[in-house]
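To keep things clear, I will list the structure first and then write my remarks on it.
Note that the chains take the letters A, B, C, D, E and F in the order they are written out, and that residue 1 is the start of every chain.
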Amino acid sequence: MPYVTVKMLEGRTEEQKKALVDKVTAAVSETVDAPKEKIVVFIEEMSKNHYAVGGKRLSDEV
Amino acid sequence: MPYVTVKMLEGRTEEQKKALVDKVTAAVSETVDAPKEKIVVFIEEMSKNHYAVGGKRLSDEV
Amino acid sequence: MPYVTVKMLEGRTEEQKKALVDKVTAAVSETVDAPKEKIVVFIEEMSKNHYAVGGKRLSDEV
Amino acid sequence: MPYVTVKMLEGRTEEQKKALVDKVTAAVSETVDAPKEKIVVFIEEMSKNHYAVGGKRLSDEV
Amino acid sequence: MPYVTVKMLEGRTEEQKKALVDKVTAAVSETVDAPKEKIVVFIEEMSKNHYAVGGKRLSDEV
Amino acid sequence: MPYVTVKMLEGRTEEQKKALVDKVTAAVSETVDAPKEKIVVFIEEMSKNHYAVGGKRLSDEV
């Protein structure tokens, strides 16, 4: 605890994801006074055909 | 904002998903008075072996 | 099935929410060929101090 | 209703998942007095590179 | 891990919720071979005006 | 995009939440190369009677 979910488009590299969970965990630990080892991060990836803004999927944009 | 998530079994066509996000966005915009360009839709697909009703997965039904 | 979650800021009236679930259900039913009686809609409300864009909560904006 | 989501690392067998939804449904039905046929279970699987505890992904552990 | 979320209508007693997390944890532990102390359960409650089946909220049913 | 959800026990101050969304947004922006103004953070709070580890709710611990 806390439990952090980061939902983003697929395509980030393993290095980016590794850095992401490291830095986000530090940011949470520092600001809400939670021990780092208790913080959990989940990454969820979306594909462009499953994500829409304004009624249009990213995969349908020209 | 709003953020809409539609969770359904996999297998819909791209045309169906395209229409889905379009119509759902219009329905939300019209009823809660939010500008269409602010509305986000996520599609999440499930497989039949990860979805159960009454304790039985769809993949286990005869 | 499908299961639809609409996450939005608190403050909509009951009439708006009633219309929201009605129209969203119709939009889903029509586009992905699911019977209306199988479609579930959840509304989740957020308060302005629990929602941030660009690192700033809505409650902190002037 | 209720709707139960079980999020876990990928790798369980179909037999394990089948037993999981069966037993969890029974546990929910028995304790909150809901008819079994109304209980829905979703399984969500994570990969080791999308799950971190203490700022470190499982896939990065030696 | 696993992380279990149980979403249900508000109104259950504390005794029911206590039994729910106990029995669900046992069911998960037994079926997917996870140690009980690693299993997390979240309860999420919905109100009747935020839950709809077939386009109609529970709070709107006669 | 990305969309970040931080789920934690209730009780943090407004100052802590304000700092949380600020620092988490910066951490995400820096590591996955997303513009800060596109990053959304949701805070979700749990009460102690709705959160259990090892089959026991926090509210039931002595």
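By our rule, contacts are C-beta pairs under 8 Å (C-beta built on N, C-alpha and C of every residue); 3 or more make two chains touch, one makes a residue touch a chain.
The shown structure was predicted, so the numbers you read here are calculated from the model rather than taken from an experiment.
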Intersection of the contact lists for chain C and chain D: B, E
Copies chain F and chain E - interface residue numbers shared by over half, same or different: different
Longest centre-to-centre distance from chain C, chain (CA-based): D
From the options D-E, E-F or B-C, the pair that copies C-F, where over half of the contact pairs coincide: E-F
Chain whose mean Cα position lies farthest from chain B: F
CA centroid of chain D to CA centroid of chain F, Å: 22
Approximate Å spacing (C-alpha centroids) for the pair chain A, chain F: 12
CA centroid of chain B to CA centroid of chain F, Å: 25
Of all residues in chain C, the ones touching two or more other chains: 3, 7, 17, 22, 26, 51
Touch list for chain A against partner chain B, complex: 7, 46, 49-57, 59-60
List of chain D residues in touch with chain E within their complex: 1-9, 12, 16-17, 19-20, 22-24, 26-28, 30-34, 51
Footprint of chain B on chain D - complex, ascending: 14, 17-18, 21-22, 25-26, 36-45
